[in-house]
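After the structure tokens below, expect a handful of questions from me.
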Amino acid sequence: MTVVMREPTTDGRFGEYGGRYVPESLIPACLALEEAFREAWADPGFRQELDGYRRTYAGRPTALTAARNLSAELGITLLLKREDLAHTGSHKINNVLGQALLARRMGKTRLIAETGAGQHGVATATAAALFGLRATVYMGERDIERQALNVFRMHLLGAEVVPVTSGSRTLKDATNEAMRNWVSAVGDTHFCLGSVAGPHPYPWMVREFQRVIGEEARGQVAGELSTGVPDVVVACVGGGSNAAGTFAGFVDTTARLVGVEAAGGAAVSGGEPGVLHGSRSLVLQDRHGQVAEAQSIAAGLDYPGVGPEHAQLGGLGRATYVTVTDDEVLVAVRRLAEREGIICALESAHAVAWVLRAAGTVELPAGSTVLLTLSGRGDKDMGQLMEGLR
Amino acid sequence: MTTTLSAALPLTGRPLLVPYVTGGITADWTELLLACQDGGADAIEVGLPFSDPMLDGPTIQEASDRALARGATVESILADLAATPLRVPVVVMTYANIVLRIGLPALAAAGVSGLIVPDLPLEESAATEAAAAAAGIDLVLLAAPSTPDDRLREICARSRGFVYAISVMGTTGERARLADSAATLAARLKAVTDLPVLIGFGVSTPAQAVEAGRAGDGAVIASVLMRRVLDGATANELAADVAAYRTALDLGVSPGTPHAEISGHRG
Amino acid sequence: MTVVMREPTTDGRFGEYGGRYVPESLIPACLALEEAFREAWADPGFRQELDGYRRTYAGRPTALTAARNLSAELGITLLLKREDLAHTGSHKINNVLGQALLARRMGKTRLIAETGAGQHGVATATAAALFGLRATVYMGERDIERQALNVFRMHLLGAEVVPVTSGSRTLKDATNEAMRNWVSAVGDTHFCLGSVAGPHPYPWMVREFQRVIGEEARGQVAGELSTGVPDVVVACVGGGSNAAGTFAGFVDTTARLVGVEAAGGAAVSGGEPGVLHGSRSLVLQDRHGQVAEAQSIAAGLDYPGVGPEHAQLGGLGRATYVTVTDDEVLVAVRRLAEREGIICALESAHAVAWVLRAAGTVELPAGSTVLLTLSGRGDKDMGQLMEGLR
Amino acid sequence: MTTTLSAALPLTGRPLLVPYVTGGITADWTELLLACQDGGADAIEVGLPFSDPMLDGPTIQEASDRALARGATVESILADLAATPLRVPVVVMTYANIVLRIGLPALAAAGVSGLIVPDLPLEESAATEAAAAAAGIDLVLLAAPSTPDDRLREICARSRGFVYAISVMGTTGERARLADSAATLAARLKAVTDLPVLIGFGVSTPAQAVEAGRAGDGAVIASVLMRRVLDGATANELAADVAAYRTALDLGVSPGTPHAEISGHRG
């Protein structure tokens, strides 16, 4: 069996996926970033500093919560990894703290970021404030509308938010715009990419920065389950960073890994090989090679691409990718809230929705033990939920 | 239409002019190609519109969106191209996702001579270089102001037809002046290659083209022309615009010359 | 010196304050609650269960963050106790988990609560969902308007939210209404009071449930400061529960204790002895004994009373109570966000505002070490901040 | 006006009637007191409005708000009271915060005979009992359906004038029927005290008053009267209302009697 979730090849490949499909202008920056990351990641001092911020600032380790009521109702054992408790409200801060420290180490004075749900933008604005860096966040106009709360949070944190009006006016286009700005500002600017997408070394680096989710969970789950590891590990997949970070902690176990995509943004489940935003992966596109506009109630999953490592894991069958609909997601948000007192993000609710649907079927037989990563909290989604649950 | 780039772009000392047209930007967009040719283009760059043009500024983005919104597809554009009798070679510029999807033979079949893929750097281009060579298409590689010397040498060694010098750290788009980085990069390239060095990205006036022609071997003129087309310029007007660049380049009018005298924007 | 912050007298007094000024109808419930609390609090099993929920559900211990940027700017050492990272977004969950467990232990099937900012209501709705209890939350109509996000969160959690239209239509009136409902439903209903106010045993019990803030902080601060304890411990005071919980960890040290009230709701600083909501304390009132309507930008501090123990601590001089204005609070929210990447609740920003004003003055000389409890996060306040910071 | 409660409320077997009026509810609110007296009240309960009437339902809340909004203060209400020539004793009902602020002498000076403080249970009432005794005022204690026997005994031992039996676990306010708990509590009280036992909270019809008179020694009629006043009833109308209760109590009309026959609501 192919060894997976290690370091990619020197040209940044995970099997046939990955690579560094960026303009020549950005190659030196990507190389410098790769070198800086390699060096920092091998430096105990860097790891210690990052760990310090994670613990004393971001609230790590996040809790592992046994969802006792849902477990009883579903006939399974459901454990929740609570990234919703992390500072700024999602797992995005894990990655951003790493990249911001790296940027500072590289002498950069400015961060730019793309954001969909706004969680990555808020996390970036937060780290920029903390480390005294400037921040510019690119956000699709449509997402600005549905995630107004997060836009204001970014402003309050002192970041500039640039509305992106091209294309589908969502995450995909915000990413284009961030790339464009990066090309022109690469001297003082670090592109703080928010998921396991983009050119090498991002998919690898972001997975490594998110690995803390899976590693913490692995240890916590061992204390909860007599089997030590769960039967199934499940997480939602937009670009795929919370899933990658989670999976990384369990890929060497017998656990089945399940990534849940939005039905309208299911790059692994419904995409074809292609190149988007700097890497080769699976991409939702038409037969002419034009990238499709994803459609999801969750701004953070409204993305037609996916991290290349997920394309690899899916291809190898090491992870399974499934989809849930917007309607299932709304039901899942409400059910988790009513049964466990946790209002999760629309993104995270995708993972919950799959568990609700699959429990008791062959997909997730009664008696299964499940670790589910709740990637974020739902505060940002209240406006949308008020509409959607009406 | 089977002219190779190398044959069409001889280094005679006369600066080369390569106007750019977004494929499918208007219903009669191939008229624009003929206009470029009439205006004195040495070759024409044709953009195959992509939904996510990561290296393009607002003008080319808008041109691509317009073409796609019109219903233009890569297939239809290539069909249009194949049906257009051009003397000068066509260099297609598009993104990796499109190239990987359509393949080089389809480009060759449409009579395309060269190909520029801005998101296909050295590390990722080997397969496409091979496929291009097999299809008889010159894969033009790009160099950027940030490219270090060793990469520059390899880019020149592997580029075919010409080398595309990205004038500035940035996207395509009109600029008030040609960046200093353009001349510096062109000089660095000329020092290591005999291929023509064409400067592109934001060359926006005949005077800037003259500068580019002096620093390198000519210029790609893109956003400024597409802005004109987006604003409603006819093929004739575009031909006049291109001719103004041609004249300026041929006369070597000094960059100091006031814009008005050499501008093609007369109408 | 009087020994403070221990158990109150048998009639629930903290010095001359406290007591049990409730209708005869409620006396048996209060007595039963006191007995149940005494017994549970002495039961290691109960403590262990509560501790389990705190750790695996509510995200405790919460982090202690060194606010390095502000510290440098202010010339002090500022440490933040991060209750904003607790599940549901504030310290309120500490108390609610305790009371909900107690309610279950007492065989109650329903929780009622009063809420101002909505944080206590959300926490109550959350615990109710978690433990399978019904929940009704009373909330002033005015607060419902300014904290719409939290109202929706409560609904999503399955709680009933009852708008209170009497009086000032804020926390004070919501408390009256909750008391009224309690009288009529005392058989199956536990009144889950949200602060260190109300009749005995609430002020004592809630302080004990919130003591975890101060105890955690005491240990965490010891690791940060060579002096072991900070010079100053500061927290905002509405009813006073986060302050009481914080102070409890430091009352036996040399630390100065500072409670920060809203200028428009400053019961300790500007009130007179009186009886409100079941206990004798300091109350904002007119010369006729009519309770005044408080006025604060922070719904959670918009309260004319204060917990009786604060009245005692203030009277004895063991704690000092100061006030800040709404304008200072808005500046503080922004400054903390821009400098430290933390968007705190309007309530918590009162404590920050005082530090900003006092640092470098005799009140808080340069070089001071300060522990500040950030009682909650600001997500709930975004709507108001958008208005206020315009 | 110096009648003591004990003298005014003899246990002759005739059920006692104590109507309630919120002090200051209207400009001529003392007319309402006279109306109650005329209607046959044995004593009158006067509420001193408080901003936070924790044990009151919507009607008394509204009445209190109306009085305060009118500008009534405790002082003005007591002054009004002092100026009103009543034969029957006045029992003030108000909350602890008001009592602590004004003190018992002020009440005595206004001619008040008794005092009811719903948020002053046994544990908190000692000081007020002493002050009341010193001022010659009867501090009436309340018992609730939830009160256990030992407390009931102590309440009866310490209560002066009468014992207030809270009919129901709930706030003041009109109710469709008298709760069963009223009779049970009254019986428990009668078993341990010789003081009159008056049932209050939600006694809303003459028929219910008769029930209360049978179970205990009479009724306090509050919300239903204040609802009438809030809805605009005149003093004469109120007197008629009170008279209807008086008549019903005196005749001992059975609780089964249709409401219309004994209702004072004729106008």
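When the chains are written out, they are named A, B, C and D in that same order, and each has its own residue count from 1.
Please note the rule applied: contacts are C-beta pairs under 8 Å (C-beta built on N, C-alpha and C of every residue); 3 or more make two chains touch, one makes a residue touch a chain.
Worth saying up front: this structure is predicted, and the values here are computed from it rather than measured.
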Excluding chain A, groups that stay connected where the other chains sit: B | C, D
Where chain A and chain D overlap in contact partners, by chain label: C
Averaged-CA centre spacing for the pair chain C and chain B, given as whole angstrom: 66
Geometric centre distance via CA averages, chain D-chain C, whole Å: 38
Geometric centre distance via CA averages, chain D-chain B, whole Å: 96
For chain C, residues that touch 2 or more chains besides their own: none
Junction residues of chain B, two or more chains touched: none
Arrangement of touching chains [line / ring / star / complete / other]: line
Chain pairs that touch, as defined at the top of this document: A-B, A-C, C-D
Chain A-touching residues of chain C, taken from the complex the two chains share: 55-59, 62-66, 69, 82, 85-89, 125-130, 132, 149, 152-153, 156-158, 333-334, 337-343, 378-380, 382, 385-386, 389
Residue numbers on chain D that touch chain C, as the complex places them: 50-57, 61, 65, 68, 73-75, 95-98, 100-102, 118-124, 141-148, 151, 155, 166, 168-171
Contact footprint of chain B on chain A as seen in their complex: 11, 19-29, 166-167, 172-173, 176, 179-180, 183-184, 186-187, 273-278, 283, 285, 288-291
